[in-house]
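What follows is a set of structures for review.
Two complexes, one shared chain (chain A), two partners (chain B, chain C).
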Partner chain A sequence: MAIIEVNDLYKEYKINQKKEGVLGAIGNIFYPRYISKVAVNKINFSIEEGEAVGYIGANGAGKSTTIKMLTGILTPTSGRVLVNGNIPYKHRVKNNSIIGAVFGQRTQMWWDLPPIETYKLIQKIYDVPKKQFDENLSTFTELLDLKELIKIPVRQLSLGQKMRCEIAAAFIHDPKIVYLDEPTIGLDIMVKDKIRNFIKNINKKRSVTVILTTHDLQDIEEVCKRVIIIDNGQVVYDGKIEEIKNSLGKYRTVHFQVKNCSNNLDNVLDTQKEYLFEVSKSPYDIQVKFDRQKITASEVMNIISPYCDIMDLTIQEPSIESIVRDLYRKQVDNNDFIKENAGNCKY
Partner chain B sequence: MILLKKMLAIANINIKVILVYVSAVWANVFVNILQVVILYYIWMAVYGGQTQLHGISKSQIVTYVIISRIIFINGIVSWGINQWISDIIKDGQISIEMLRPIDFQLMTYARRIGVLVFSMILYGVPVIVVSKILFGISLPATFNSGVLFIISFLLAMTINFLVEFFIGLIGFYTTNGWGLQVFKEALLSFLSGALIPIAFFPGWIRQIADFLPFKDIVYTPITIYLGNTSGEQAIKSLLFQFMWVVVLLLCTRIFYTTAIKKVTVQGG
Partner chain C sequence: MLFKYIRLYIEFFKQNIKIMLEYRADFIIGAMASLFMQMSGIFFVWVIFKNVTTLQGWTFYDITLVYGLLMLSKSLNHIFFDNLWVLGPQYIRQGNFDTLLLRPISPLFHLIANRLQQDGIGNFLLGLVITVKSLYELNLNLGIKGVALIILFVVSGGAIFAAINLITATSSFWVVNSYHLIWTVYSVNEFALYPLNIYHKAIGIILTWVIPYAFASFYPANYFIHKGYEQLSFISPIVALVLWVIALRVWRFGIKNYTSTGS
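Moving on, here comes the complex of A and B:
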């Protein structure tokens, strides 16, 4: 049985529409007007124990709302969430004792005290056996390099240091599921790397289920095998990260630095339109996007080289970022978005 | 047992936070003493030549003022759990607090009672020592009143917590805690008997105060301490306090389950 099951989950916010001006503000006291906004629109998915799932979408797509319903902070308007057999917002304490969470912009640690105090509290309120706690603490201290940090008051830690301590706090009671809501926000590459490796390591070794939302797609690429993409409150993709890379990412872009271009080049590129799409062209720079299942990079070079002197070239793989951007731009049906997206690239 | 352990751990960590700010601790000790000294002279002026007013003697009023001040400063005027709840609603930190593996109300209770009892000892003991030297403060009237006082005091602190918790929940609807704190202070300082013993009020206000739970926060425990309420009367007072704990607990429980559904976490 899946550890997380989500059926037709729906959440609608009521927003008080404030009227302008003093009179409007007074009027608002007597006749508040509400408009409702759908944040999450009947989504479905299920997650197995031990999976690491990336949950991505643009700002305001409904990511955080979903996470908050999964953790039980928000009550859904309709639909069903089951986490380890419990309804999170009803069986709060039961659910809380098997989960850990990091919300990138908040801290669960006591601001005025060193992290170790929070860890000790966690040990007591989650009732973690002393031996297990000590083992976890020393493992995490090593993996995240916390030795010096855990005795400094939290308010004196830098953002990166704080986040490392925060991540440890979310895992230290051996939770079954950990929700990470933008854990790498605002961090430098080194810290990001440390955190990613840690999550990957714990996910694999202890088969902790990890749900990760982020705007940094490298986080997802490194940590998660599966990705759920949400847009406008709806799931637009749910599957393996490789699949989306393969199907949408069958395009490559070649950047040519050129000299002495012949005018015929335009005509030639035009005849190859089926599998060669010119992205941009200036006297010294040509970018060409091609379908690598139909044509190879050297063939592309052979087409262009008779008409130009090629000085230099680079081939670019599509980043997931650009794939997701394509998805964001066009809200399409889950089944045929690949087809549509392919058509979309020609212009 | 496990629950108690959890609650002690929560109380413990919040007490540690108080001790981080050493200079604030010293300032508080000083303010607590200063207030009692001022109040002592005010009440001496009120009594003038008289030895007894409304059934409270001049020496009793000294004790009354000292104990009520300790409860007042650390319980009622301090930014209690209501302020904390309003704050975490406002800045969205409530989402973190709702994820702790213990019932939210029990957690806040542990937090509040821990801090309350600790700060009353921390700030109360110096006040008592100084007042003993300067003005003389009487011990509980009898051994029994001492024991009953401790029970009554703990019930009083629980009532104080429940009132604060209730007011804090209003923050789910107003998202502003400061006005609520001012409201609480005004209401409680008057109706709890912290400012003036309830016996000094005119008849109709006394009747209103009798009808409400607030007098059980300050007035009831102190009258038991002084021996003005004793025997059967004291037991009856404790039962009334207990009844208010039950009533307020039910109210806050119902209010909490409704309010928590309304959570719309600010920011993100």
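Moving on, here comes the complex of A and C:
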């Protein structure tokens, strides 16, 4: 049986629609007007024990609301969530004892105390045997490089240091499931890398089920095998990450800042149509989209550099928003979008 | 189950002591500030008794006994249940209440255990001094039974304060910032610093049956100084119990209304 089962999950918020101005605010006290907003619209999925699933979508798509219902923080308007056989918001104590969570926006550690004190308190709250706790602590300390950090009060830690400690706090009681909501938000590449490797490692070695929401596609690519994409409260894709990556994530866009462009450039770009999709071109700025399975970034540069002086360049990865957008476009074009050859994509 | 919570409370308590030691200056300033505020109240009573010998049949030390008992009860609430005040602004408004809901323990217990308010310690000590001094000046020989009763009364009083705060603080689940409501109801306790007889009857009724702070001061004091309300003094623990049953119901209803924040 699946460890997480979600059936027709639906959540609607009542929002008090505020009128503008002071008079409006006074009127609002006597005649509050409510509108309902659907955050999660009848979604279904199930997750097996030990899976690492990326749960992605644009801002406001319903990610956090889903996670909050899975953890029991919010009660669904209708539909059902079963986590390890329990209904999270009803059997809170039972459910909470087998889960761990990180919410990137807030801390679960005591602000004025060093992380080690939080860990010890967690040990007491979850009744973790001393031996198991010590083993976990030393493993995590090594993997996340926490040795120097766990004795410094949390308020004195940098964002990256704090997040590493936070991640350890979510795993220290050996949970069966860990929910990570934007764990890498605002962090530099080095820290992101450490955190990804840690999650990957624990997921594999201890078969902890991991559910990860993020805006960083790299997080998903490195940690998860499966991805669920949600938009407007509905699941628009649920499947292997490779398929999504092959069909959509293989494009990159290069921005060139240029000077002294020769007129021949247009002709040259035309001959490379198979690999390059010119997105836009102005005298000082060229944007080129390319298929990174067919051509490398340096080859793209070699094509353009003889005809222009390149002052600066940046390479952009596709954002989750653009992937969701492309998914839609493809679904309209062809319902069976996964099997479609991505090369035929029109831009 | 109960033992687990007691064990856990001790662990939280230890951590809170560590935080207090982190902020030593804060501790001293906080304790002193609340101490001075309370001193001015007792000074006011002293000034009145410079001019009169009794007030509706109550002597100076009769009144300070009432005053001292209320201070003790109030400071217990202040030390141990202070986090209720910030449930709205710090936990619900900012979404930090989520973290409490993710632990395999009662969120209410977690909320209360999360904080130990050092500022109440000064008040507790002052209350203790005033109570002991009053009992001594009134020539009351308490014995072990009397001391045990005083402890029971003070603990009940603290529980009454906490339960009333819990009920008003729970409104945070709907109005988010419940500070004004908590403060308005809490302020009524100022009346309970003095004997009920000196007020209009209506105030006595409110303090006994609506917002029963009088069970934390006036009625327990009557047990020792016999002014005609002895029977009611023993109801204090029952009032505390009933209030907690109501408060927990209200809390359980409120928590269902929690909607978290956007992210």
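To be clear about the criterion, the second predicted complex is superposed on the first by the 248 of 347 C-alpha atoms of A that agree within 3 Å, B and C clash if a C-alpha of one lies under 4 Å from a C-alpha of the other, contacts with A are read in each partner's own complex, and residues count from 1 in each chain.
As a working rule, contacts are C-beta pairs under 8 Å (C-beta built on N, C-alpha and C of every residue); 3 or more make two chains touch, one makes a residue touch a chain.
For clarity, every value in this text was computed on a predicted model and none was experimentally measured.
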*asked:* Just checking: does A:S207 make contact with chain B only, chain C only, both, or neither of them? Give me first, second, both or neither.
replied: neither
Q.
For A:F103, using the defined touch cut-off, is the partner it touches chain B, chain C, both, or neither? Pick first, second, both or neither.
A. both
**Prompt:** Which holds for A:T253: it touches chain B only (first), chain C only (second), both, or neither?
**Reply:** neither
Chain A residues where the chain B and chain C footprints coincide 13, 64, 68, 71-75, 92-93, 96-97, 99, 101, 103, 105-108, 110, 112-113, 117, 120-121, 124-127, 153
Given the complex, residues on chain C that touch chain A span 4, 7-8, 11-12, 15, 18-19, 22-23, 94-96, 98-99, 101-106, 256, 258-260, 262-263
Chain A residues touching chain B in their complex are 13, 64, 68, 71-75, 92-93, 96-97, 99, 101, 103, 105-108, 110, 112-113, 117-118, 120-121, 124-127, 153, 181
Interface with chain C, chain A side, in the complex: residues 13, 64, 68, 71-75, 92-94, 96-97, 99, 101, 103, 105-108, 110, 112-113, 117, 120-121, 124-127, 153
The residues of chain B that touch chain A in their complex are 2, 5-6, 8-10, 12-13, 16-17, 20-21, 92-93, 95-96, 98-104, 260-261, 263-265, 267-268
